[in-house]
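Presented sequentially are two complexes of chain A, the first with chain B as partner and the second with chain C.
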Partner chain A sequence: MTQTALMPGIRLTLGGVHLPGEEDPLGVWELAGRDPVAYAAGSGYEGPIWRVELPEDQRAAFKDLRAKRAAVRLRERELERIEGLVARLDLVRSYSLEATAHEDRLLAAITALSSPATAFDTRTEERVNYGALYEQCRALVAQFQVLVRPLGRIETVVGGTLVGLTAINLSGDQRTMWSEESAPEQMEAHLAAVRLAMASRQALLRLLVVVVTGALGLAVKAHIPGGQILLLPAVYRFVRDVLQELEHLPEGVMVR
Partner chain B sequence: MPEALRAFFEEELVFNGINAVTGDYGQPPLSSQKLARLIRGAPSPDDYREFVESQKRLATLSRIDDRLTRVNEVQLSDQAAADAVRLEELRFKARSGAPWPVKPGAGDLARVADVGWGVIFPAQMSATLQDALIDALQPLLEHRQSQAGDLFRIYTGGAAYRFGERKDQYFARLGVSPGLVDPQEMPFYLMLVGTPDQIPYSFQYQLDVMRGVGRLDFGEDIEAYHAYALQVVAAETGAITLPRRATFFAPVNPGDRATELSGNYLVKPLYDNLCISAPEYEVALTHEWELVPPFLGEGQATHAHLGRLLGGDPSQQSALLFTASHGIEFPPDHPDQLRHQGALLCQDWGGPRAELRRDHYFAGEDVEDGADLNGMIAFFFACYGAGTPELDQFAAQAFKVREKIAPRNFTAALPQRLLKQGALAVLGHVERAWGYSFISPRGSIENQTFITAMRILMNGCPIGMATDSSFDMKYAELSSDLSADLDELKWDPDYMSVYELAHRWTANNDARSYVVIGDPAARLPLGQDSRSPEEQTGVSTIEVPEADLDADFDLEASETLAMSAQAATAEHVVPLDLTHEPAVVAFGLGSQFADLRNSLRDFTGQLAESLGKAAQEIVTLDIRTYTTADLGGMAEALDAREEIDATLRALTRVEFDGDIKMYLPEKLEGGEHQVLWLVHKAMVQEAQESRARFLATMAELATRLLDSLKIGP
Partner chain C sequence: MSESELTNAIEKFTKDLAGRAETFVRDISTLEVRTFTTPSAQISELAGGELDLNDPGLAGKLQLRAYTKIDFDCDTTVCLPIDANDQIDRSVWDIHQSMVSQALKTRESMLRAMGEALVSALEALQRVGG
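Let's look at the complex of A and B:
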C-alpha cells in the first residue's frame, strides 16, 4: 500500500514486524524490518518498534501526526464495514458484474479451494499452488504473532536525536523516558507519536480479528475443510485492498 | 455503505421522540411512501383513519378538549401569503453568493463591533417585568454596548415585537430592509427576551434566516437573568477560560433505528471529522482540541454518565458537549410536560417495547444544584431539546388540522437549567428532530451542517455565527428547492422518488428548527492570543478522569480475559485434522498442513498466555515517567532487558477499584516540571484508553481463533 503524503523530513517506520509485501495495511507506517529501525540495532529486542522521525521544526509535522491518527481511526472503523462485506459475500455471484475486483479475487480463491478440479483451470486467476499457499499461511501466522508480543516501544527522533522513548507491555503499563534536554514541543511530538502508535496497534489487531473471522465464516459457508486457515492470505489481501481504496479519497470527505 | 444507509429509507422511518407516557415513538413510524403523501398534502383514506385512531388514543392521555382544530380557508390563505414572503427571502439567501448575510464592507461577522448587537422585548410583556429584566441584564447590555457602539439597540416600547407579527411586517414597521443585513438598520446579533408565547418560534425561525438570533427565557426568574448576564460578561472579560475539550454523547438504544442512525452516522463521523484540524473544503480549526472519544451506546451513554458530563464530575466537564438522542415528549397538559419535555433519553432505556422509567431520561432537574457549567456550550440533537410549540406543524400540512401538542409554546427546561448553572448557550431543536435529515436517499452521509457549526464554535466564534452558515443556509436552500419540487410534483408525479421527497422534507424541517438558547453573540471562553502550557503540550489541565477506568468494566474485562486464556489452553481445543482432506492428500501436503495447524495453535497458545498474564496484571496499570542524560543508552538497556538507569519523575498507579495513586517528587517546581507533569497525565489517559480497547480486541481475537481451531474438515 502506498504511503499517504507526509511533509518533508517526516518518516514513520515500524520495525520488528513483517507483513505481506512488507506493507502496512493501514497505509501509515513504512515497514522497515528489524535493523533499520531499532535505535540500538542488532540487540535482542523482539517486539514491534514504532519510530517517528521529525525535522527540527516539528510544529507543522505535529499536525501531520494528528491527521495520521485520525486516518488510522477511520481505517479501524472501516474494518467494521469490511467485516460485513466478507460476511455477506455472495458465493454464487462469482464473476457477476456487481462484484468488485477485490470481491472477484476473493471469490476466485474460494472457488479454487472449494473445487480442486478447477484449480488448474486457466480461467481461475487464483490457481492453487498448495506449497506456496502453505508458505503464505505460515508466514502470515508468524507475522501475526509479532503483533501480540509482550513488549513494544515508541521512539521519537527530532533532527536526528532521540528525544522520547516509551516502552509498553501487553497489560498497558508504560514507561516513558525523556532526555533531560527534551523541550516541551518535543514532548508534545512524542505524545502524538505514542497516540498514533497505540491507535495503529489497535487497528492492526482489529484487522486480524476481521481476517480470522472472515476466513472462518467463508470456510463454513463454502464448505472448505481447513479453509479457515487456507483462506487467511486471500481474506487478508481482500481487507488490505479495500482499505487501500480509502487512500484514493480525500480524508476530509471520507470522515464525514 | 450506501446500500446499508439506503435501507433506512426503504424501511419505516422512525423519529427522534419518545412519548414518556406510552413509552412508544411520539410520531408513529411511517413508510417513505406514506410520508411523501402527507408532505404533499394528499393523504389516503387509510392515512386519515390511522391518524384519527392515533388521535383518539392520545386524547385519552390528554386533558385538552380542543386538541384538534380544523384549519379554515382564511387561515390557509394567510398561511400561503406568509409562506410566499418567507420563501422569497429564503431564495434570496440560497442564491446569495456572499459568505455571510451582511452587506459587503460591514466587517467581520465574528466581531460585535462590526455587525452590532440588539435585544428585542415583546410588547406583550408588562412594563414592570420589562424594566426589571433590563435592570437584571444591565451588565450584559453595558458590555455589548461597549463593544457595538452605535450598532447597539434595545427594542422596547413602539419597537418591541407585537404578538402575531410576521418578520416582514415587523421589519416594515421599523423601516428595516429585507435581504442582506445592514447593521446600521438592525444589528446582526439579536437576542429575544421572553417566552415563545410572547415571541413565537415562527418569528424566531424567520429572523434567524439572515441574522444570528438567540432567546433568553427564564420566565419571571429575575435573578437567573442577572446571573446569566454576569456569566457572559465574565466569560468575555477573561474571568473564565476553558481548555479546548469537546465531548460527544450518543445513546444507541437496542432495536431502535433512530439512535442507531444518530450514533453511527452522525456522532461517529462528526467526531472523526473534527479530529482532523484542516480537512479540504472545511473550516480549519485554529487551535488543537482535545476530542474525547464519543460516549456511545451500551455502558457509555448512560444517565449517570451524562450527569457527570453536566457538572457531576468537574474533571469530565468540557467546553463543548454534543449529544444525539431521543427527546422525551408528553401529551399536552400532562403535569410533567413543561418540566420534562425535551429531556434526553439515555442508554438506560431498553428500546422500543421496553418499559420507560423516569431515571432513563435526563431532565433539567437532574443537573445538580452545585454543578459548575461556567462557560460551556451544549448542542442537543433531540426532539424538543430546545423547546416545544403549542401547535404541531406536521398535522396542519398533512391533514389540514391544527393539532395542539402543548398548552402553550415553551422553552425546554434542560437548556434553561444549564444556563442557570453557568452555561453560555445551548443549540437545540424545537419540535421533532428528524434523524433522516443527515442521510441522503442515495445513502451518503450529509452532516455538513453539523460539521460547520461545530468547527465555527470551536474556533471561538459567536454561536449565532455558527448556525448562520450551517443550519440557516441549509434551511434556505432546502426550503426553496422543496417548494419548487412540490409545485412540480403536482404536474408530474414521477418528478422525484418518494425517498428523495421524504429526505428533502425532513431535512428542511430539521434545519429550520435549530435555535439558540442564550445570547447569540456568546462564544466559548477559550483564550484568544497566547497559548497556555497545556495547549503547547496538547494536553488538558483536567484531572485524570477516574471514572474512565470504570471498575465494572475492568472486572468484566478481567473475567473475559481469564476465560479466554483458560479456554485457549490445549486441552480445550479440538484438534484440527486436515490430513485427510482430499486435496491435501492428493498433493502430498499432509505434513505441511499439520505444521500449519500447529503454527496456528502456537499463535493461539501465545495469545492465551499473553491474555492470562494480562488478566493477572490488569489489577493495576502503572505509568512511569523518567528523565535521563543518556536516552540512547536507555534504548540499549531496553534491548538488552537490563535495568534502566534513569530518574523516576512521576508514577501513576491505577488500582483495580478505580483509585488512582500518584507519586511525585517532593519538590516539583519550575515550568519544565509543570510540562513534564502535564505530559505524564496525558500519558496516563492514553494508557487507560488504549489498554481497555486493546485487551478487549485481544480477547475477541482469541475467541475467533478458538472457533477456527474447533472446526475440522
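Let's look at the complex of A and C:
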C-alpha cells in the first residue's frame, strides 16, 4: 500500500520490520528495514523504531499527523469487518458472482492447498511452490515476532535534529529523553508522534490476530493439514488488499 | 526451508507470545513513566543505543527530571521536576503529565487488544473443536 501524500518535509518511517512487499498494510509508514542510523553497530536493539521527521515549522505538520492517526483508527475498525469476512468466507460458493476479486484470490489459494492433485501437479500453473510458501510463512512469522517485542521506540526529528526519543514496552511503561533545548512545540510534536506510533502498533497487532485466527479458521473449514500456517501469507494478502481499498474511497464514505 | 524448520519457527513464535503475555500480566501491575533530559549535543548518540537504564554510560548522559509510578491499586508515586530556583519546571512537568496520560491510554488499549486477541483465539479454537 502506498503512503498517502504528506506535506513536504514530513517523513514517517518504521524501521526494524519487514512485511511482504515492504509495505505497511496500514498505508501510513514507509518501511525502512534495518536503518543503519537507527541500528548502529553493536547497539543490540532489534525492536521496531517509528521515526517521525518534521520540517522546522512543525506546527503545520500537526494536521497531517492527526489525519494519519484518524486513518489508523479507521483501518483498525475495518479490521473488525475483515475478520468477519474471513470467518464467513463460503468455500463452497467459490467464484460466485457475489465474491470480490480479493475473495476469489483467497479461495484460489485455499483450493490449491486443499487439492493435493493440484498442489503437486508440476504441469499446472496452479501448483503450489511449497519451498517459496514455507519461506513466505517463515518471514511473516519472524516479522510478527518483531512486532510483539516488548520494547518499541519512537524518535522525533525536527529540522534534522533529534528532539525527543521514547522507549515504550507493551504494558505502557515509558522512558522519554528530551534534548535540554527542546521547545514546548517540539515536545508536543513528539507526543503526537508517540500517539500515532502507539495507535499503529495496536492496529498492527490487531491485524496479526485477524490473520492468524483467520488462517486457523479457514484451514479447519477446508480440512488442510497444517493449513493454519500455509494459509498465513494468503490471508495476510487478503487483509492487506481489503484495507488498501480504503485508500480509494472518497472521504466520508463508510464501508459496510 | 523445510517443514520442520517452519514448525520450529512457529513453536518459537508461540513460546515468545506466551512469554510476552506472561511478562505483560506481570508488568501491568505497575505503570512507570520517566522523563529525562540530556544535553542537545548528546541526544543523537542515544538514537542507536539500547536505552538500558542500567548502563552506566547511558546514565551519565541523562538527567531524570520527572517520575511517576502508578500501582494497580492506584497508589501513585510522583517526583516533580524543579528548576534552579526550586520552582516546579512547568515545561517538563506539563509534558511529563501528557506522557503519563498517553501511557495510561496505551496500557488500556493494550489490555483491550489482549482481551480481543484472546476472544478471537478462543473463537477460532471453538471452530476447530466444532
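In the analysis below, the second predicted complex is superposed on the first by the 234 of 256 C-alpha atoms of A that agree within 3 Å, B and C clash if a C-alpha of one lies under 4 Å from a C-alpha of the other, contacts with A are read in each partner's own complex, and residues count from 1 in each chain.
Keep in mind that, in the parts below, a contact is a pair of C-beta atoms (placed from the backbone, for glycine too) under 8 Å apart; a residue touches a chain by one contact, two chains touch by 3 or more.
Just so you know, these numbers come straight off a predicted model, no measurement behind them.
Once the complexes are laid over each other on chain A, chain B and chain C cannot both fit and instead clash. Touch criterion not met for A:29: it reaches neither chain B nor chain C. Of the two partner chains, chain C is the only one that A:83 touches; chain B does not reach it. Judged by the touch definition given at the top, the superposed model places A:236 against neither chain B nor chain C. Look at A:73: by the touch rule set out above, it reaches chain B but stays clear of chain C. In the superposition on chain A, A:50 makes contact with neither chain B nor chain C.
By the touch criterion stated above, A:173 is placed in contact with chain B and with chain C alike. Judged by the touch definition given at the top, the superposed model places A:225 against chain B, while chain C stays out of reach. Put simply, more of the residues of chain A are touched by B, taking chain B and chain C as the two choices. Among the options 79-87, 133-141, 223-231 or 691-699, the segment of chain B that ends up inside chain C in the superposed model is 691-699. Chain A uses residues 38-40, 43-45, 131, 134, 137-138, 141-142, 144-145, 148, 150, 153, 155, 162-163, 165-167, 169-180, 182, 184, 187-188, 191, 194-195, 198, 202, 205-206, 209, 213, 216, 220, 226, 229 to touch chain B in one structure and chain C in the other. Within the complex formed with chain A, the residues of chain B that make contact are 1, 4, 268-270, 272-273, 275-282, 288, 445, 447-448, 451, 533, 536-539, 576, 578, 581-584, 586-587, 589, 592-593, 595-597, 599-600, 602-603, 606-607, 610, 613-614, 617-618, 621-629, 631-632, 634-636, 638-641, 644, 646, 672, 675-676, 679-680, 682-683, 686-688, 690-691, 693-695, 697-698, 700-701, 704-705, 707-708, 711-713.
On the chain A side of its complex with chain C, the touching residues are 37-40, 43-45, 83, 87, 131, 134-135, 137-138, 141-142, 144-145, 148, 150-151, 153, 155, 161-163, 165-182, 184, 187-188, 191, 194-195, 198, 202, 205-206, 209-210, 213, 216-217, 220-221, 226, 229.
Chain A makes touch with chain B in their complex at residues 38-40, 43-45, 62-63, 66-67, 69-70, 73-74, 77, 81, 84, 113, 116, 119, 128, 130-131, 134, 137-138, 141-142, 144-145, 148, 150, 153, 155, 162-167, 169-180, 182, 184-185, 187-188, 191-192, 194-195, 198, 201-202, 205-206, 208-209, 212-213, 215-216, 219-220, 225-226, 228-229, 250-253, 255-256. Chain C makes touch with chain A in their complex at residues 1-3, 5-7, 9-10, 12-13, 16-17, 20, 23-24, 27-28, 30-40, 43-44, 46-51, 53, 62, 91-92, 94-95, 98-99, 102-107, 109-110, 113, 116-117, 120-121, 123-125, 127-128.
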